[in-house]
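Order of writing sets the labels: A, B, C, D, E and F. Residues in every chain begin at 1.
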Amino acid sequence: MLNRQAETFIGCERAYDEADTVMFGAPFDATTSYRPGARFGPKAIRSESYGIETYSPYQDKDMAETAVFDAGDMALCIGDAKTALEQIEAFASEIVTDNKRPVMLGGEHLVTLGVVRALVKKYPDLHIVHFDAHADLRDDYLGANLSHAAVIRRVWELVGDEKIYQFGIRSGDKSEFDWGRTHVFTCRFTLDKLEEVIKKLADRPVYFTLDLDVLDPSALPGTGTPEAGGVSFLALLEAIGLLSKLNVVGFDMVELAPNLDMSGVSTAVACKLLRECLLAL
Amino acid sequence: MLNRQAETFIGCERAYDEADTVMFGAPFDATTSYRPGARFGPKAIRSESYGIETYSPYQDKDMAETAVFDAGDMALCIGDAKTALEQIEAFASEIVTDNKRPVMLGGEHLVTLGVVRALVKKYPDLHIVHFDAHADLRDDYLGANLSHAAVIRRVWELVGDEKIYQFGIRSGDKSEFDWGRTHVFTCRFTLDKLEEVIKKLADRPVYFTLDLDVLDPSALPGTGTPEAGGVSFLALLEAIGLLSKLNVVGFDMVELAPNLDMSGVSTAVACKLLRECLLAL
Amino acid sequence: MLNRQAETFIGCERAYDEADTVMFGAPFDATTSYRPGARFGPKAIRSESYGIETYSPYQDKDMAETAVFDAGDMALCIGDAKTALEQIEAFASEIVTDNKRPVMLGGEHLVTLGVVRALVKKYPDLHIVHFDAHADLRDDYLGANLSHAAVIRRVWELVGDEKIYQFGIRSGDKSEFDWGRTHVFTCRFTLDKLEEVIKKLADRPVYFTLDLDVLDPSALPGTGTPEAGGVSFLALLEAIGLLSKLNVVGFDMVELAPNLDMSGVSTAVACKLLRECLLAL
Amino acid sequence: MLNRQAETFIGCERAYDEADTVMFGAPFDATTSYRPGARFGPKAIRSESYGIETYSPYQDKDMAETAVFDAGDMALCIGDAKTALEQIEAFASEIVTDNKRPVMLGGEHLVTLGVVRALVKKYPDLHIVHFDAHADLRDDYLGANLSHAAVIRRVWELVGDEKIYQFGIRSGDKSEFDWGRTHVFTCRFTLDKLEEVIKKLADRPVYFTLDLDVLDPSALPGTGTPEAGGVSFLALLEAIGLLSKLNVVGFDMVELAPNLDMSGVSTAVACKLLRECLLAL
Amino acid sequence: MLNRQAETFIGCERAYDEADTVMFGAPFDATTSYRPGARFGPKAIRSESYGIETYSPYQDKDMAETAVFDAGDMALCIGDAKTALEQIEAFASEIVTDNKRPVMLGGEHLVTLGVVRALVKKYPDLHIVHFDAHADLRDDYLGANLSHAAVIRRVWELVGDEKIYQFGIRSGDKSEFDWGRTHVFTCRFTLDKLEEVIKKLADRPVYFTLDLDVLDPSALPGTGTPEAGGVSFLALLEAIGLLSKLNVVGFDMVELAPNLDMSGVSTAVACKLLRECLLAL
Amino acid sequence: MLNRQAETFIGCERAYDEADTVMFGAPFDATTSYRPGARFGPKAIRSESYGIETYSPYQDKDMAETAVFDAGDMALCIGDAKTALEQIEAFASEIVTDNKRPVMLGGEHLVTLGVVRALVKKYPDLHIVHFDAHADLRDDYLGANLSHAAVIRRVWELVGDEKIYQFGIRSGDKSEFDWGRTHVFTCRFTLDKLEEVIKKLADRPVYFTLDLDVLDPSALPGTGTPEAGGVSFLALLEAIGLLSKLNVVGFDMVELAPNLDMSGVSTAVACKLLRECLLAL
């Protein structure tokens, strides 16, 4: 009775000093243009994670074998994207400085930029593996260049050509697809070309950013901008297995909007994917 | 500031005179026997269409290349199927007379009858391609012969034998399947035989009626009478591509009940399908 | 006007004496650890069954050909698992004594134990075919040995080794999988090995227990503990067809929580599966 | 186990022959112009009634003291108001002929017309007490004269001037209020003048029609056209007590749309009001 | 068929040039700290307004007597409060320059600042009548000084002491109440002192800002930060009547979050209040 | 970054040793007969408490002035009422032994029995102040004597006649009211007689049990068994103020079912009431 109740993702029980991975929530969705709610994602994932097991029969591994510290949610400056990104960058930099791996739960996709800024300082050769329904390659969106719809373009400004590998992309305006052709690798509609990319990336430092709307909306309806025609849960699960061969120096999972799926299934799917990522990567 | 805000489906910006296609909503669901809400379909599709892009990476086409006038929703006589159908027929006739192609957003499936009545006058050889979970071949339903469950039977009375091609059918009473065997072509459960039918129809005038419940409920839960075991979004997308080879003189998309799917996914799916239809047909 | 309105599953119109199968609801979910609502399952299935047809185009059979008496819901002692199971056992025993086949609608999975207790007295060689996402093989759960998470372990205590065949299992703690390896047959993730098991079981007496969460949550989101990566509706439909070759002396369908899926799709799926089971088994 | 499970409103256990009151559902809402769902009202009231007690501490009476037969829901012709009203009239006439009192659960308000037609034949001097937010005095609505918005005008055509007493009215177009001034008694906004009207009506035969939207939406959000500024539950309860002094030869309760209030409160309120009406009238 | 369908608030049919009042939506909620959704407010109000009448029996006036142009929703820079406020200020300035009265539909409360900036240039003596549950007097909130929780403090910086009159306030931190004591007039919990304030304000130019959460959550649950203990609908209606005695040079209605109240009642209440405001002010 | 994120009710920041009050959750609802969900109450209250302020303008006090330790939720034996009550009793006894005051968040009403058992050992003269819509005086319910519907009867067995004071009661079967007349004090429908009871209780040790369904469902729809005709929020707030004159040695707040009110208002109301209780008592 002497301790307050801590809320962590299931099986993330390590103290900070003993952890090799530090997970945190970035509950920010101020630039969401369509339907907000991604701010509720990290809290929902942590809270609902007790509905799954710590053991994965897919990998025959248990969360007890991991060393993850769950730092809870950041208190971000609401409604000011510039400040919020600086806060995330500072927080992630501290983790990186302590030689731990950052794992971020969004929030909208823009938050990815904060962690990439922190990692690229340590890993100038950082490569990006990007699963998403949307290209996110706009130069600006409704007058804002810090926008969820422009985040990968901003990341490109940091890492440059031939560093970004997109998969599952099935939405964007024409200019995004045109621009992308010469600056990033894009596997449209599916994750099919992942294996060949993995061979290519060998042991380069990789940041994996998983926008959950890469899944078909039947598998995950609870996201701000659902796009039919996505990948199945099993295809994504298999891809995560493949990614375990890479040198993943950080990853994030973004765009769960639990308020949009009252059945709770979307959050349950996100919990299971997070467990599989933590066990595999 | 001088103009009122118009609400149209994304990219349907043409003036009436410049349009080759006229889209309108038929917000009628009075004969829905089970769960109403299809009346809210067209408004939801228009309103939520700003969540998708005008560009289709599937067809590499943009709505800017189309010439569609969106006439908004009709003010139909609520609760009186006979009058409502007459209103739809009159409205569609005007479009047809102006040598434009009618595209109708339902509403329940019964509204199809109004447009078919208008088209069959111009195209006595009209053929029907019908995607649906339900045969809709009853002679009457609960004493009413103007019913969503009898609409294709009513259409048959106008076009006759060997003109109606049904796909995806997986529900009906025994008598419907029995009757159908001698009067219509039925591809049960799937869209598999579409290609052979397309060859057969060559350049005959075709009306395409898409009851969205042909999709599996996992892809589109927001419909009045969901039937498990349906076709996938990708299968339907492919079929729409095949239909582009036909001479489609009009089409409709019916039975979206957005109030039944609070995640918004069903409406988003309908928006994407409508975009693909408008680009393909 | 002289008779009260009875509520039965569609097409279950037989009087008790003329029936060979007796269906009843066990609206109990007191040991549900995560999200309750399975108690509402049987009532929802009965009520929403008028949204489907009595005829199955898959089997070309009609409910009119069956002889099922629907006894409605039991009035179970809420909040006391021991008493509730005794009530179910007594009720099922009466059915078995009258040489009729019991069909139970849950409720949570624990209710299965009550019927198995009744059947094993008549069929000492009873075999169990178990479709589920979860192994349910714990020895106890949160201090309770009468728990939905321990129900198959309790069943094993009645039927012994080499009698239980699990399919679709994709969640459990490590100890459950370890224990299971020597006591039950487990087909993980899929229903693939069903055909070989069916050959093996020949005409042994079989109890079929269908936990609806064996389905992927995209097909059936309305269940207490959804587990991504499940089987599709069509795969399950095919499996039910295969089971018709067995000597099924009773079956149940459990864990529909209709309150968790406001689209109504989960209940509609359960209704269709129940119709197919009643026609096939 | 020999009887099917009947679903009745709580405490309505009498056989038809022993009953003095016959309750039935009229699940019709085809002319609802705004938001449908009243068709689900009677079923929800019956189903949820087991959440309240049979005993009223307000009146110190128990449903066991009443003699009500619950005939369940009529199977009305969906989507054809004219036929549906004829069906209701025929059904109610049978009840009236058997010297029993009809109690109808709507459905939309139009269904009232069917019962009034039946009653006015027996009671040419029939008076109407009408609780509602809306005047319902239109001559027609969107071209239909059989409409929920015109029902009291249609009733007036049967009973004539000085027979209709409206209470709680707070919505209508100007012409309705103008017309009403010379043909009906209207107490706007409240039920305050009920006592004086009751004195006036003495023992004339009275039909009481209770449109639940007379309540403030805070008390009953689940109705098709909620109108703020309504009466409180306690004021309505008190009014029902006053009505017990009248010779009420039939009554109805309409416009509960349970699908619009997922908290279940609206249905619970309707159940309690129905109990109080059955005990008081 | 030649015109696109315009969506306006019911009865706001005037052309811009003929209007004395210009209504517009400001769909912005990026600084909402708790539960977003106010961005959906103006669209919902316009769309659902066809569920009420144009005639008010409270004031015996009809919207046909008003001269309001509904300009639709602004396209605001999402996620950047500074830019969005500048856009609103520019838009409102244009209205004011044309000698028309601006009426704004929020959006979160911060949008009020944009219109006040426009009005204070024309009316240096501008007074503010502020109905709200929250004081909104923070100097900053989570590091942002452009925040819904600081908006009235920002307004005070423009208009100064003794110009702001708050009513219904029942939430704030201690420092807000302390600061407010010397800078603004505050009527806590109720609207009771409105009459005396109205006398005082005589014909000074007044901006009326109505945060809908001043209402009790039972009357309007659909708002981001519901605060129990608020004023009733009827009390607010009466207050709006009193305000008609003032020289109201502009007003807004903010913080409706229709997504948070799926019964639709909150939007219906807002529609009715907007009609009453437009008729009274 | 070194500490895990603790989740506590807003302002409950004290360490256990420095606290005079210990709050804990009892997430148990296994005997709920109608609609479960009270198990989610304490977690929702803690989680949503950041939507209110720590300062109360009603009492001009701040949570910073209190000394409350929030121990989080107990891990109760699900589905076994007897064991769960023993766990609660043991936990509360420890708090009482440490000379701290227990504050429990339910859960269903049965959990009250656990704390009363602990307190009555220390305070043999314990009096009970009970706010509720339901009498809860049944001797058993559906065969279970440990039931939410029998909890006050069980409490009476511990404290005896003339110790229990009920307020707001408006539902029960006739036998409960009859039995209650000779064993407990009951103020039906309202809280009106609270002041006279408070005088009588002087400084006797009092346990206050607040079943939130004492509120009218318009104020708090999110509860398992809503009963129209309840007290208003302001009346309850005032009553809590009056209770501050008593010697309250413990209290609980039960029966919030947040899953039943998706608007979040019910949880917000509960948070505000809990703040007021903690500040007043």
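As a working rule, a residue touches a chain if its C-beta (ideal position, glycine included) is under 8 Å from a C-beta of that chain, and two chains touch if they have at least 3 such contacts.
Because the structure is predicted, anything quoted here is derived from the model rather than measured.
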Most remote chain, CA-based centroid, reference being chain B:
F
Look at both sides of the chain E and chain F contact and report whether the same residue positions are involved, with over half shared, or different ones.
different
On a CA-centroid basis, which chain has its centre farthest from chain D's?
A
Averaged-CA centre spacing for the pair chain D and chain A, given as whole angstrom
55
For the pair chain A and chain B, the C-alpha centroid-to-centroid distance in angstrom is 38
Counting only residues that touch at least 2 other chains, which ones in chain C make the list?
216, 218, 262
Think of each chain as a node with edges to the chains it touches; is that a line, ring, star, complete or other?
other
Contact pairs between chains, per stated definition:
A-B, A-C, A-E, A-F, B-C, B-D, B-E, C-D, C-F, D-E, D-F, E-F
Chain E partner, complex, touching residues on chain D are 34-35, 169-174, 177, 188-189, 216-218, 221-222, 225-229, 260-262
Seen from chain D, its contact residues with chain F in the complex are 50-55, 57-58, 62, 216, 218-219, 233-234, 237, 262-265, 268-269, 272-273
Which residues of chain A touch chain E in the complex?
29-33, 36-37, 39, 75-81, 83, 141-144, 146-147
Could you please specify the touching residues of chain F with respect to chain A in the complex?
1-2, 4-8, 16-17, 22, 43, 47, 69-73, 91, 94-95, 262
